[in-house]
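What follows is a set of structures to go through.
Each of the next two complexes has chain A plus one other chain: chain B in the first, chain C in the second.
Right after this comes the complex of A and B.
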């Protein structure tokens, strides 16, 4: 932990009273938003799976999971936060630390972030800065160190800003995947982070522990894929519910999450047998791709899609905050330390479909991922969601549109901000797109 | 008489051992899904070793074997190398020993690996031609055509069939490397070294050096010999020519959209084939691939990699993360 007296380079010194006031305001508003979002999800699907109750509980940022982590910390466990899905969660687990993702989804805090960085900066970053300024995010506050990955410009500078108040470990992903030297660099980065984790936690990452951690994550992937497979058929679960489950994997205890997800899948499989659909089977099926969306506030687009008239169904997404989180398992050839590290390095770099990569084939990995997702989920349309300032995703739109045009899937570019003000306008846009899709479905 | 008895006992031991090994493998198979095919392959290899062991003395069998191997590669690639070849099996066993020691294999730089693969054809050419001269020097009485494949009437084995040599040769007597009571221990190529280079001390040094170096290289690099083994001259390479485009029946098939380029297939390949990873999609025919299907077994994406025989899917990826019932 950084000492408070260290000179800050970015963050302003705000009076403690002001911080507390703002924290209280946003916190109470946030609690309301969480309750509101869950109430809306219940309303959309009156027959919501009973197993979702557990995920509702975990989704309360200031509730059970926070207390659990606090209790674990009191017993000497370390908490390691991370910002991108590049962070090797297996290594954190193997060192008996708790991995939590610390990106912020609060709309209100992005306004505090504006005090330091201009509004042109991606709101995910601004909001996370703001959350740090008023000590809002429980997971960011509890984490002893944060792993940042320099994927985009926002993340690069954000690491510096965050290092004012936190121990930050930066990992540089190479921007080109397909070369021996880039994999080499990434492997060294993984090894460096491993050393840091060992130093912080005081626990040595032994091959046995790492194997256990990898297998834990593989089991989680299995449950995760099981859920995604269930979404491929007729709508048995609403997209928002599934998205909530996906996101909770980044905060919850992964073993318990696996159990609960398996329980949810069991319930859903029963429903498939009973043909108890969450939504009429002819609901237009939509996939969202683009900037990551984070619980609790940035639930705008999924809510709009599933509450619109005509109603749409979110059957999948290509977001690093949801369907991409656990999709790839670490494949280990031989359980030696070296090979496990290799497997982890490859899983986090090569299998990633982040738009930060460039290749002569135009980042085809992401395009292929999306096309595969569209084919598998039989989606009718894709909404390309971009928040203002998210340059990488915005720039790749043209490429994705071309690829999807080829397989005759309509794409809709939806740009927005971390704000509630444009909900009305967005509603009109989303409904127009869904109407077009449902016309196509009928046709 | 003792020899006959020893042979019967040996056969019984081999049979019982094989059955027990089979049970064991089935048990392991059930628990570890990411190694299902690897275990199956070990069983097939063991059975093949036993089969070859009992047919090894018969010249006719060996001639048929060689013919089948060479012609089959035209259609199925180096399937023989991956699934049947005893030398390959020994190398896999060495790999198992290495795994037990928790030592990781090394990888050859790609360009060296490529060179070795190309060198295969040169070595094979030398091996096919050299008995004509070497044999003529040592055994004068034999016709040159006979020398090419069936070099010695007693052993009837060409250099090309040397990898098939079983480790235990009950009938070999003093010819094999190490002599025990009535049966001997042998090793691929050692008898050829002894046959061609017949200088007392040099021969045994050479033989032991050969054994040590092949074992060590296999311990360090997976399937090291396979990278330039002359028997593995895959006629599948003929598919580069238009006239033979139809010939390969056994393929590894890749679905482009499902591949995330996670690189697992590249890493697990025992002979470091990069084509499966690099090729964008479709049928992958490379004369280097052993068709051991380790890549398909380890690919974590359902249906991304498939093994197809004449268009029919034999099996596809994602054995180790089971699909759900709804699929």
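Right after this comes the complex of A and C.
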């Protein structure tokens, strides 16, 4: 555990009173935003699936799931937070610990982060720093250790900042996948984090335990893919709802999440049979790619797309905060420890489409994944979403645009910030883009 | 058939009455604090100029950043969609339309039917738009309409790299301190704007012919700078600030036609 007496390198000592005041202010604003987002989602689809109610409940940061984790902690369970989808959750589950993603989607906390780092830094980082400063995120607060992956410069320095107050385990992914050393290097990182997890929890990760954890996650992937398949045809679920379901998989108890997602899919299959569409079948179909978007505040773009005139339908995304989370299962041939660790290393490295990778052909995996997604979901266009300071995604745009131009799929680059003030401008752009897509659908 | 388009711009409201494929009446008014009222006034004036009664107008469509506040309107057209329609109507060979208004610059790629294929908008910044010229004219103590002719007298270019209106202004002040002449500073202002807009258009890809519209398209200084930066000729219509309203009126006409088919 992090010693509380160690000298802090970054974070200031804020007066307790200020922390409490800020915490209360943002918390109550957050409750309003969550209620507002859900109300809007209900309005867009008046026949919103009843099974969504469960996910709405999980989406309340300060509600049921927080209490559940608190109770588990009181029983001696450990909580391991993570910031990137590179974190091998199977290992966390195998050690009977609770994995939970801790990135901040709160706009208001980014201004606290501004006290430590300049505004040029990506707002996901600034906001997560700010959330820590005012002890806002229940999951970050409950974490006994946090896994960070050094995918970008922001994440690298953030790990240092967070070390002021938390036990942080960094993992360094190689920037190339096809070098002989890459997988070996990454496997060593996986093994190192496994040792850390065992040490923290006091639980040995046995082959039996790990097999169970891998199978649990494989089942989750199966439910996730079932939901994704249902998004490929005429709309039976709005994109925001599916996005919420996918994001909640990182907070919820994964076994229960799998059951609830399957129940949602059962309901959606009935909708298919009844042709009860969530939106007219000719609604322009959009895919979003780029910087991850986190609940509750950064629901801005999906909301704009699905509330625009003409309305758009989010049929999928290429975000590490939703559709990429459960996409790939760990593949194992023989259930030996070594083979399972290999499978985990491969799944988290080779299958990743993070823009941190490069090769002599460029980040081909991401381009191919996206094109595949466009084809599978019959998307009419792509919105390339980038927040200021997100250099890797911003730079890779030109490459992605050229690839999409080749298959005649329009793509629009939309840059924004952790702020509510540019909603008007964003609306103009999103609506023009959707107008263009509908004109193309018509002809 | 008679239709109308209302462009609810940030600074000015523009109205075009389109009668059988001809812009029969155009009028504008300052948006001010009551843009809806301003639009009603401009609308009445445009009707008068076109010699048309309000009841004769079969459909009104709105565009511009304040489009939701437009009176009489049956719906909206995006600014980019309106630009594309108007650009190809004014110059059938147009395939790229650049629109520079008071607070926004955008470029639209379109096909021969005037349907937009792609677009870019300046990134939440006024340094590439009309407001920038206004601020710089103030710094130079020159009337806005004199900026263009003044810049044409410049003998050479002196670079400023305006990343925003505020810093641009301090760049201009430092040029003044270096005792650069007013014409050269005026040209530097247009060059820096044209630079930003030309990189933006390059990201979209330039498809000739290029048409320039919007209020800033009336400025000879800017037109010259943009031609230099793009390296190709640019077509500018008469009354370029009415392009948005015209595009909305044209869209209304094609929607009406589509509906009666």
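The rule is simple: the second predicted complex is superposed on the first by the 443 of 443 C-alpha atoms of A that agree within 3 Å, B and C clash if a C-alpha of one lies under 4 Å from a C-alpha of the other, contacts with A are read in each partner's own complex, and residues count from 1 in each chain.
Quick note on the criterion: a contact is a pair of C-beta atoms (placed from the backbone, for glycine too) under 8 Å apart; a residue touches a chain by one contact, two chains touch by 3 or more.
What you are looking at is a predicted structure, and each value in this text was computed from that prediction instead of being measured.
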Clash or fit: chain B and chain C on chain A?
fit
Would you sort A:108 into first (chain B), second (chain C), both or neither based on which partner it touches?
neither
Rounded to a multiple of 10, tell me what angle the C-alpha centres of chain B and chain C make at the one for chain A, in degrees.
120
After superposition on the shared chain, which partner residues are touched by A:241: those of chain B (first), chain C (second), both, or neither?
neither
For A:410, select first, second, both or neither according to whether it touches chain B, chain C, the two together, or no partner.
second
Between chain B and chain C, whom does A:431 touch in the aligned arrangement: first, second, both, or neither?
second
If we overlay the two complexes on their shared chain A, which of chain B and chain C does A:309 touch? Say first, second, both or neither.
second
With both complexes overlaid on chain A, does A:323 touch chain B (first), chain C (second), both or neither?
neither
First (chain B), second (chain C), both or neither: which does A:207 touch?
first
Kindly classify A:252 by the partners it touches after superposition: chain B alone (first), chain C alone (second), both, or neither?
neither
Specify the partner with more touching residues on chain A, choosing between chain B and chain C.
B
Superposed, chain B and chain C have a smallest C-alpha gap in Å of 25
Note: in the complex, chain A contacts chain B through residues 177-178, 180, 183, 207, 218, 221-222, 225-226, 229-230, 232-233, 265, 269, 272, 328-329, 331, 333-339, 342-343, 346-347, 350-351, 353, 365, 368-369, 371-372, 375
If you look only at chain C, which of its residues touch chain A in the complex?
65, 76-81, 115-121, 123-124, 203
Residue numbers on chain A that touch chain C, as the complex places them:
309, 398, 410, 412-413, 415, 422, 424-425, 428-429, 431-433, 435-436, 439-440, 443
What residues on chain B touch chain A, complex-wise?
34, 99, 102-105, 110, 256-264, 267-268, 298-300, 321-327
